[in-house]
Every structure is written in C-alpha cells, then in structure tokens.
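Below is one structure, written out as structure tokens, with a few remarks after it.
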Amino acid sequence: MSDQPALGVAVIGYSFMGKAHSNAWRNVGAFYPDVPAVRQQVLVGRDEAKLAAAAAQYGWAQTAGDWREVITRDDVDIIDVCTPGHLHAEVALAALRAGKHVVVEKPLANSVADAEKLVAAAEHATSRSMLGFNYRRVPALALARALVADGEIGQVRQARLTYLQDWLADASAPMTWRLRKETAGTGVLGDLGSHAIDQLRYLLDEEVVAASGTLRTFVSERPGEAGTEQVTVDDAAWATLHTSGGVVASLEVSRVATGRKNALTIELFGDRGALAFDLERMNELRVHRASGPVALQGSTAIMVTEEEHPYLEAWWPAGHVLGWDHTFTSQAADFLRAIATGGPVHPTFADGLAVQRVLSAIETSAARGGARVDMR
Amino acid sequence: MSDQPALGVAVIGYSFMGKAHSNAWRNVGAFYPDVPAVRQQVLVGRDEAKLAAAAAQYGWAQTAGDWREVITRDDVDIIDVCTPGHLHAEVALAALRAGKHVVVEKPLANSVADAEKLVAAAEHATSRSMLGFNYRRVPALALARALVADGEIGQVRQARLTYLQDWLADASAPMTWRLRKETAGTGVLGDLGSHAIDQLRYLLDEEVVAASGTLRTFVSERPGEAGTEQVTVDDAAWATLHTSGGVVASLEVSRVATGRKNALTIELFGDRGALAFDLERMNELRVHRASGPVALQGSTAIMVTEEEHPYLEAWWPAGHVLGWDHTFTSQAADFLRAIATGGPVHPTFADGLAVQRVLSAIETSAARGGARVDMR
Amino acid sequence: MSDQPALGVAVIGYSFMGKAHSNAWRNVGAFYPDVPAVRQQVLVGRDEAKLAAAAAQYGWAQTAGDWREVITRDDVDIIDVCTPGHLHAEVALAALRAGKHVVVEKPLANSVADAEKLVAAAEHATSRSMLGFNYRRVPALALARALVADGEIGQVRQARLTYLQDWLADASAPMTWRLRKETAGTGVLGDLGSHAIDQLRYLLDEEVVAASGTLRTFVSERPGEAGTEQVTVDDAAWATLHTSGGVVASLEVSRVATGRKNALTIELFGDRGALAFDLERMNELRVHRASGPVALQGSTAIMVTEEEHPYLEAWWPAGHVLGWDHTFTSQAADFLRAIATGGPVHPTFADGLAVQRVLSAIETSAARGGARVDMR
Amino acid sequence: MSDQPALGVAVIGYSFMGKAHSNAWRNVGAFYPDVPAVRQQVLVGRDEAKLAAAAAQYGWAQTAGDWREVITRDDVDIIDVCTPGHLHAEVALAALRAGKHVVVEKPLANSVADAEKLVAAAEHATSRSMLGFNYRRVPALALARALVADGEIGQVRQARLTYLQDWLADASAPMTWRLRKETAGTGVLGDLGSHAIDQLRYLLDEEVVAASGTLRTFVSERPGEAGTEQVTVDDAAWATLHTSGGVVASLEVSRVATGRKNALTIELFGDRGALAFDLERMNELRVHRASGPVALQGSTAIMVTEEEHPYLEAWWPAGHVLGWDHTFTSQAADFLRAIATGGPVHPTFADGLAVQRVLSAIETSAARGGARVDMR
C-alpha cells in the first residue's frame, strides 16, 4: 500500500459501464495493494436523481452534472469515460488537455478520424491513457497470449472468432438507440466485433492487413415508441481477416444467435498446437499441443485459477473462479501501476485506432459485395 | 426378409471407401431385414493381389479387373462407384446406360459439366441412383433436419459450418496425389467442404444462391518422392453462403486445424431456437429452444440413441452408441428400400450437382478477391 | 438505499475467510441497495502489523486485537466470525449474549456439543444469526432448490455428491495445523463434506437419518518443521446417506483427487428428471426433464445468468458470469435483509448442528467398519 | 488371411446378445484378417420361427433347437453362450467337456459355486475359453489400462465408478423376469455392477479384498401380466471397495438414474495424474497429468481413434468414431488369435469368478447393514 496520497477518480457515466467501472475502482486496492490508492471522488451524469442514487450505491463521494467542470478539478487525477461512444472523443481529448490520466471504455471512438485525434493527443500528453478492452484481463486470455508468444502452439495459421449474443433474436424486441446508425454508428460489428478484433491483435501480436466482410440486418423493422421504426445497423456480421503474419481469421458476430448469451469464442490453430476459449466459461482455456506421444495428444482443459496464472495471485485459491467484473478490477490495477511506474500499459489508444480501421475495412468490403480490402 | 432373389452388388474400388461400402453391403440385411437382400457379388480393382486379399477380407464372392465388363453382368444389379472422383462420371454413366442401379460415393464428379451429364442420365434412367453423402444417415443429423422442418427452431437465420482435420498440419507431411490439382481437382474445399454444403442444403431444405470465398495454401511445398514438390490445391478454405431462404452461412474447412480429427460441426440459429452438432460426438445433438420459462432455457444435449430417433430402431438399445461406419449401412438400406418400393431416395445426383455449383462459385469468388458470386 | 444509520460490522479474522467476508461487506450495498447500509467498522486479529495491512487493504476503518472488547462496542452491530473453527463457539456465544447479530463462517463448531450450545443461544437471542455455507447463494444451486421444490424432477431417489480437491495429492506437501486432529478436529470430511451435506439438506429440504462411512488417510506422514510428522486426520472420506424422504445419497470428499481443484459436484435423480452441478462451472446448471417427446429429451445446460434466476437481478446482464466471491456478497445481503425485515434467514445454526450430527454419524460408522448408524 | 479351414461357430441364444455376438462373428474377418477365419455355422434357440428369422437376418447357415446336440457337432469349433445367465454354467461346462472353445457372455454364472466349477473346468480343458466383458475392448479403456500400467498417473489411490441407466425410472414400467430374484439372481448390481467391477480389476490389475454395500429397491411393485407383482431385486446399489493395492473405490449402479442411458463412468485418481471415462462418449478418454508447468496442467480429452491407440489400426482413420458393437468384434478377434497362437486371452473365467465374489461380498455387506466384508 503506497504512502502517496490517493488518486482522485471521476467516472463519466453511471449506467451499465459506470456500474462496472465503479466496482473496479472500489475494489482495486483490496486485491492489488501494490498499486496507488484511489479515491472514488466524483460520479458524473445528467439525471440528478438517478445520479445521486447511483453515486450512493456505488460508493462515490460526490456527483457532478457537467464533465467539463470535473476534468479541471484538482481533486481529480483520473478521468474514466463511460459515456456512449459518440462522446468518447470529446471528453477524452479535453481530459488529456487538462493533464488528467484517461481511461476510455471501448470503443475508442465512433470514427477513424476521431480515433486518430485521440491517438495523437495521447502521444503528446504527459498523462497516461488506456482503452477499456476489459477482456485482455481475462486470465485465460492473458495466458493464451503468453502461450502464443512462447511458441507453445507454433506458427499460427488459422483463427476463428465469434462474439454471439441473442438479445435481438426475438423480432418483437423494441427499437433502441443502439439500432439507429446516427446514434450507434454501427451495429453488432462495432459493439462486439471490436472486442474480437482486439483479441486477435492482442493474442497474435500482429496487425490485420486486409479484410472482406458481410453485414446483415435480419429484422429490419422493430416497434418503436412512436410506431414501427427502421433498424439501420447490422445485427450480424461476418468477416475474413488477413494478418501481417499470414494468419487467416474468420469472424462472426451476432445479436440474434439464439441461445448464446455472451459467447466470445476464440480458436487459434498453429502448426504445433491450438488454443480455444469461450467467454461463457471464462475460467477455462483449452490447449492442444501436438507434441509428445500421439496416443496422449488431445485438448487440455486448463482451469485458469492457479497462482501461476496471470492475475490470479491477487484473487482466490485455485478452483475458486472469477467473474466477469473482475476483469475491470485487474484492468484498473494495471493502469494505476503504469501511472506509478511510468511503464507501458495496454491497450493503448493506438490499439483502439487499429481496431477502428479494421471495422472500417469490413464495412467498406461489405458495401462492395465482400471484395477484399487491403489496408496498406 | 424378402422372398425375392438377392440383388447382386459390385463395388468398384477397394481402398478406404471400398472398405466402408463393403462393410455396409455385408451388414445391411442384419439390421434392415425389411429391405431386399443383397449378394456381395464382385469387387473390382486393378492390383490383382491386393484385390484378391481385399475381396476375401471384405466378403466378396468374386473379383474383376475391369469395371466395363462388370457393369453388364447379369448377376450384378447394383454398381457402387468407390473410385477416385475423376472416374466417377465415366463409370456411373456407363452403369446407368447398362440399366444398373448406381451408387456414387461423393463427390458426384470433379466438374460441373460432368455432374450435369450424370444428372441428365439419372433422370432418364429406369434404374435408381444415389449419391454417397453418408452423413445424411447420421441419426443426429436426420433428427436435426426433422426438427428444422417441424419448426422447432423457427425461421433459421444464421448457420455456421466447419469441417476441420489436421493431417496436413505437419509441414513435413509428404506430397500425395490429393495435393495436385490435376489429380484431385480441388483441395479441402471439395473434399470436406462438399459434405458441409450438402448438410446445409439438407438440413434447411434450401438452395445456396450466392457465395463469397477465400482459399489458402499454408504449406506450398512438400517432400515428394523425387524431391520437393509444389502443392497446387488449397489446404484451408472459407466461404460466406447465402441461401434461397435468406440464411447466411459461414463455412470453414481445413486440413491443418491442429487437434481436430474429423470435426464436421454445424450450428443453426433460428428465431425460436438453435441446433448444434459435432461429428466427433456423432451420437449427440444439442438443441436450444427459446420457449417455456426463461429460467429453464438452455442447450439440451440429446443422446440420439432412442428407438424414437431416426434409424435407431434398427440398431441397439438406448445409450449403445453408433459408429461412423453405421451411416453407410443405413444409407445402403435406404437405397435398397427405394429400389423395392420405387419411392424417392436422397441424396440424388441433382444434389451432387448443386453442391458442385456451390464449390465452383466459391472458387470463382476466391479468384476475384472474395467478391460475392450470385448463382442465379 | 435506506435512511437508517449504517450497521457497524466487525470481522474477527483477516486471512482467507476474512478477505472473502470483507469483500462482501465492502460490496453488498453496491449490488443490493435495498438492504440496510453497513459500515466496515473494525477488523480483529492478533498480529498487529499484518492486521493493519489487511484492514487498510480490505477497507476497514479500525483494527482491534481482542474480540472480547469488540463485541461490546456500541459502534458494532454485527459480529462476523471468521476465525478457525475451534474458536467459533466461544466468540459467537459471547456475541449473542452481547446482543449482536452474528454470522459464523462454517463449520458452526468442531463438536456436536458446541453446536448444540450455539443453537440454544441463537434461539433465545433477540439478535439475528446465520451460518456461512456460502454455496447456498450460488444462483445455480438456489435455482436447483427451487426446481426440486416445484417438482420439476419429481420424487428424488438418488443423490450423488462429491467435493474433490487435490492440494494434498503430492505426498511431499508439508504438514499443517489442518492435518492434526487436535487443531482441525477432522480432515476433509468436516472441511469439504460439511458443504456437501448442507447442500443435500438444502436442495431436498430433508434430513439425513442414517449414515455409513469410510475414512482414509493415504499419506500418513508429512514433512513438518521439526521433521516427519503423523497426519492424524482423513484425507478422503466416503459415505452413504439416507434421508427422511427415502433418498439414498453417496458422498465422496477428497484432498488428493488429482486434477480437481474445487469440485463440489451434485447430481439428483428424481422419477421425472435430474439435476447436475459442478462448482468449477458454477454459472451452469444441467437439468434433465423426462417429459415431452422422448426424441427431444436430454440434459439441458442452463447458463444461470438471467435476471429471472435467483440473485441475478442484482448483478450483470445475461451471460456475464459471476465468480466465487459473489456468493458471500449475496449471503450478506440476505442477512442484512433479514435484520431489517425480521424475516427468516438461512442457513441457521440449527442447520449447522444438523450437518455436524451427520459428520459425527459418518465418523462413528467408519470406526465400526462402515456399519450403518441410525441417527434417530 | 489364414489358409487354415475356417472355424465353425455356434451361438446359443438369438436375442439382444445373440444379435451383438452374431455381428461380431460376421465382421471379425473383415477387420482382423490376421486371425483364423470363421464360419457362422449354427444359431441355437427354442422358438423355431423367431430363430429362423434371426438366423437369416444375422447370417447363420443353420439353426438348431437343442444346444446339447450342437456342442458335439464336428462342424462346430466354438460355442458362444448368449443365453440368460442361469444357463451359462451348464452349457459352458458341457461345451468344454466336448472339447469346444467356449465364449461365455457375462455374467459367468449366477452363483459363486457355479463360477468355481467353470474355472476348474476351464483350467483342465484343452480348448480355450473367454468371458464376454466386452468393454475391455473399448479402445479408450484399453488405453487407460496401459497408461496405469505405465505409471502415467502414478500410484492410484481413489477410484469412482458408476453404471447408470434409467429404463426403470418410470414406476409404471412393467414387470419382467429381470426383476425376479429366482430368474435374475440379482438386480442392477449383478447386471451392471459386474461390468464396473471387472473394469476396476482390469484397469488396476489388482483384486478387490474388502467391500461394504447398500442395496435399494425404489419401486417395489410393478404391473405384471397377472396384476401387481413384487420386485424382488435391487434397482440401485452402492459399494465401497478396497483393493489389494490399497485403492478405495466407490461404486454406484442404478436402473432409475433418470437421463442416463448407458453411463459406465470411471475415474481413477493417482498421485501423479488421473483418468476419466464415460461409455456414453466411448471414443474419448480424459487424462490429467500432474507434471510439467502447473500453468499448463489440466484434463486432456483424448479422442481415442488414432492408429497408435489399441485396436484402432483395424478400423478407420483418425476421427472416424467406433460404436458400441465394435467392441464385440475386437473381442472375437482376440479370442481367435489366442486359439491360433495358444497365447493368453482375457477376461478368463477366473476373472468372472473374482467379480462374482465381489458381488457376493457386497450383497453380504448390504444384508449386514453395510458393515465391511473382508474377502480373505
């Protein structure tokens, strides 16, 4: 536990992501006592009554209605942006200019142009910044990256990624802002596809250099508050991605995959082994190693809860599984440690920009009937 | 057991498929006593010594070196073509002309043109014909088709199909005729992709109407008998398929998917449910039904070994699992029954032609950088 | 969020269970805003330096060295006993006498006699008490109990329970106080068996009325600090239990089950269905219902993360899995709600006593060569 | 393929086991060309019409109504006893006396005394004999035995075995001869428990030396042809077994385990690893090895279909799964090879006797309230 004064945190936004990030700030010190202490200083939002309730519930000392005022406060050191995506750029840019450390929940921005501005700003800032692809802190995926880097599965050739949910499977599910292009930018491709693309880059430590894609809206009209409305974003998307290292990756994301609740699944096939992961069983990693006696080869289901595994020393004894929200706590710890040490932290805004470019290439390809788009 | 004289069968080819088909003819009567009896009359092949050994081993009364002679024999009623694919058309056409019933192991032919000739011949023949996509007789898949037809999963929207093997994962695995375009026609796309495409059409009862695809040869040179040789076919392929009913299907096939031995996997997502199958666990079908109390919804692993399930009444009591080869026995039974009753039997040569056209569209798309090819 | 002043909590003990309970008190308000607010008032322990560090890390306002002093403090309303088991009775009895609400981590006590005293004290107390079998708050198990009560699986006949770990599988693992009878009372039977027995009673809502058992110490000597020491408790145990409702349950617990990290597994077989659970996949419950068409029957893997499932409304959206520690948070919420409403809360000390009696019967049976011990 | 004249086989009994054994004799030569050829000479049974139909269906040259006549025929070399268990001893003894090779389907006999007679007769016979515990020829289980023998999982300490079915789960399922003590001898204990006990002995290569047990009849009356009848055998049984090598094994067998169709499950825990098997997924073996980096340890699901695996070279390429009936074919091959070479073959009648003694010890223990019965 450091002797330094605690860092003041402000979270902008108090709904789903605000709840998750609040949970992280509230608990990070209890599991990672080596990182700088934090103060849950201020929760920012527009609806005063709801905001007050959320702040009380999630442990915030104060509330504020305007993020512009908050980013200049002396008692705030870290700005954590949990707003809808189209506001990310404006808030984060201002916060960096104000000299604050900045966390931006994914996606980095809704456009490549905005993402580029953020990358430039982060590079010139004296403060630290990080993007919130929280699944990088799933212990099983951090282990997977280490195994790939160590050559455990050899040269990777093929990757298969999905992110499947089903909350739009019912055609009578109502219209929301997420289904309008003007507010959401994109549909499931950006929302869930971005996570999968980030993992591909993270696990392989390679860039996507070409993409071909298909988008589909299966339910084109949904009941809105004022009658039937057009759905103007995709509710499923497919892509074939090519990486700088020669890997071919298939990607499939959907909000209408009946029965799948949160199925970020990843398979990597190398010339000496393979890996498989499913977020619905996030404490497990399956590893196949094509070595040793053939009669004993198979897919090994590793329960990623040993203290030898990434992040686990901070948590519970072997076999005591982690939940989804713990990834945010570990993410906060990594960010705080980087602030203290000046060392690197990921994902960077540049990672976010790279993902944005892939999403854009997929959209371009889809608009051209699936023809491959080379990105460089 | 019928009082009719047994039907004489000739199998052309005695290697892997010859062994599997011989097994079917030897056992069909023991499990399906209601269909016409058969005589294992003659096994046809070129290498006399090997042929004689195979015939003795697999239970054939006679051998012959020339299929042309066999197709006109009076003691032969059924010609079962298990040769390499590029000979299928010639043999099958001649056999039909000779008035014989014909079974052709998949693929129907190595080209769309040949396939079209076979379809025309079959339509005009007085004898019966069938194509050997044996997985249509996996009980779990026959059940899956029935469930789709009965509307158990509602309107299907997305399908995911893979057929993954790993026998070429090792870059030092030697060259074979299967890796030369002139002998094999295509690589894994035709070999394994054809099974997957047939299943897609079979399970949905829909046609593929557009396709985009990508082919890749990861290991472009392999050790041949006379030094290093070029691999001239794909060892992995990806496609996005669009069906007449509006389903979007992703397809991925590979011979370098380390750790996967025979993974024909199929997932169908409908608006009221979903199905999942893996050939490596061929006695199981997983069914999700989005009905009843939400708290009880999930993926039901059905052990498809009940007498209420397709084909099972012929076999063993519940829980006594079937193997891969039993699919051929059931296929033979369906063909024999069709001969006896004059009723329909599938897959037809037309099914084979349809699959061939999809394969061709995928190849065309791949040659055009993945741009979508509309098939009508 | 209540307007009542927050309840002051003192946790006695700061190691593994102290960390888990601290986590619960720190977070309960964030997920269950409807229950009385709490203050993390004081953490109690003997080692001053370690205690101070733990208190700072886990969020406690103060520390204290003597639990006797703490139980009478006005700013403390709830005493949460996380000491080793042989101290549970003394602390809890004193706390009840002092009029405090009391939570006791399992086991209730190390002897039936002590457990009886605690039950009597709790019955006469004006304050509330609860025992910490935290797995009652695993959503999947709470769902299981509801399904049994609703008759979803009919009349239960057989139950199979295990609790398997492997931290003693290595014969060279060192001696600890847990392996000495004088300090630990019993071995794996009490430590893990108690959880399983509690679940059996909880899920069925029945009592165990007879037991036969076997105990075994596979590694009888282990390296201690002063040379080789005798292990004087069991490292595996087996029992056959008979319930008031005629169910026969098998029980197997082990600390040498190589490869199993935290495998509390439960299967219930009724005349109309079955349930299965494994703590290593604690967000899942498998349910078999022997109703509807036979062709569609199977084991349904329910992902217990819907808001329709027990406890889930407090947490995250569907598919965002919970971890082990969340059970303690939900347990704290149930206790606080009971304090506020005066309503019932479970497990009671009487539940703890009932478990203790079953453990005792198993030990008695084991000492008699496995002969059945009738408990009434 | 041998040049010796084919061995004539007679199967006594034509129902379930007669069908399975007929299948083995019909196919053994096709998969195991190295063993002596066989002739399906004669099928023996009492109901002439059914027998004739079965013989035609299963490929037998002749039928006979009286086994006594058959066992002396010159054209019969092997007598394969597939009658109900209470007739095994008489037929097998006579066949051995007649100098015939004898296969007896399990159980060896219905009593220890009969089993002892058979063992003595087999020892003095000049012909060969074998008992039909077919699961010894499940490739995964043969592999498991080899792994134990090779020390892959170290010193085995605990074993868990179940054999669970559910065909009696429905209380209205009708009475059969299997549920009357006078015809069946025992209930599920002998029927399914015998398989599990044989596997325990086979996998460990150890004897059971002590047992304690519990029997239960959950449904004590069932509808018979002439009104309600008493069920006089167990429909579930539990036992704790102790082996010569110090292993403790739990055993649970049931015919009322709703949802389990043929669940012979086996888990072995050694000090350096563990094995797990489930007959419902008979092509898989799960192996845990507690060696190498802790971060990579887990349970490896081996698909036991490689040519490096036991028996697989005879069958199909990797990933092409076997079915239940193939175990009988491999068993027949092993027997024929032993006849040809004079080498050993298992299981012997002595194995059957050993199993019978364990069953008897369990019954004795159950009658004594579960007290442990030492067998030597």
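Think of it as A, B, C and D in the order they're written, each chain with its own count starting at 1.
Here is the rule we go by: contacts are C-beta pairs under 8 Å (C-beta built on N, C-alpha and C of every residue); 3 or more make two chains touch, one makes a residue touch a chain.
All figures in this text were calculated on a predicted structure; none of them were measured in a lab.
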Furthest chain, CA centroid comparison against chain B: C
A-B against A-D, pair bridged by the larger set of C-beta contacts: A-B
Interchain centroid distance [CA atoms averaged], chain A/chain B, Å: 42
Chain centre separation (chain A, chain D; CA means) in Å: 54
Multi-partner residues of chain A (each touching 2 or more other chains): 260, 297-299, 303
Interface residues, chain C side, partner chain D - complex: 153, 157-158, 160, 162, 166, 169-171, 212, 214, 216, 218, 236, 238, 240, 246, 248, 250, 252, 254, 256-260, 269-274, 288, 290, 297-299, 365, 368-372
Chain C contact footprint on chain B (complex, rising order): 143, 147, 152, 287, 293-303, 306, 308-309
Chain C-touching residues of chain A, taken from the complex the two chains share: 1, 16, 19-20, 22-23, 26-27, 29-30, 33, 53, 56-59, 165, 167, 260-263, 279-283, 303, 305, 316-326
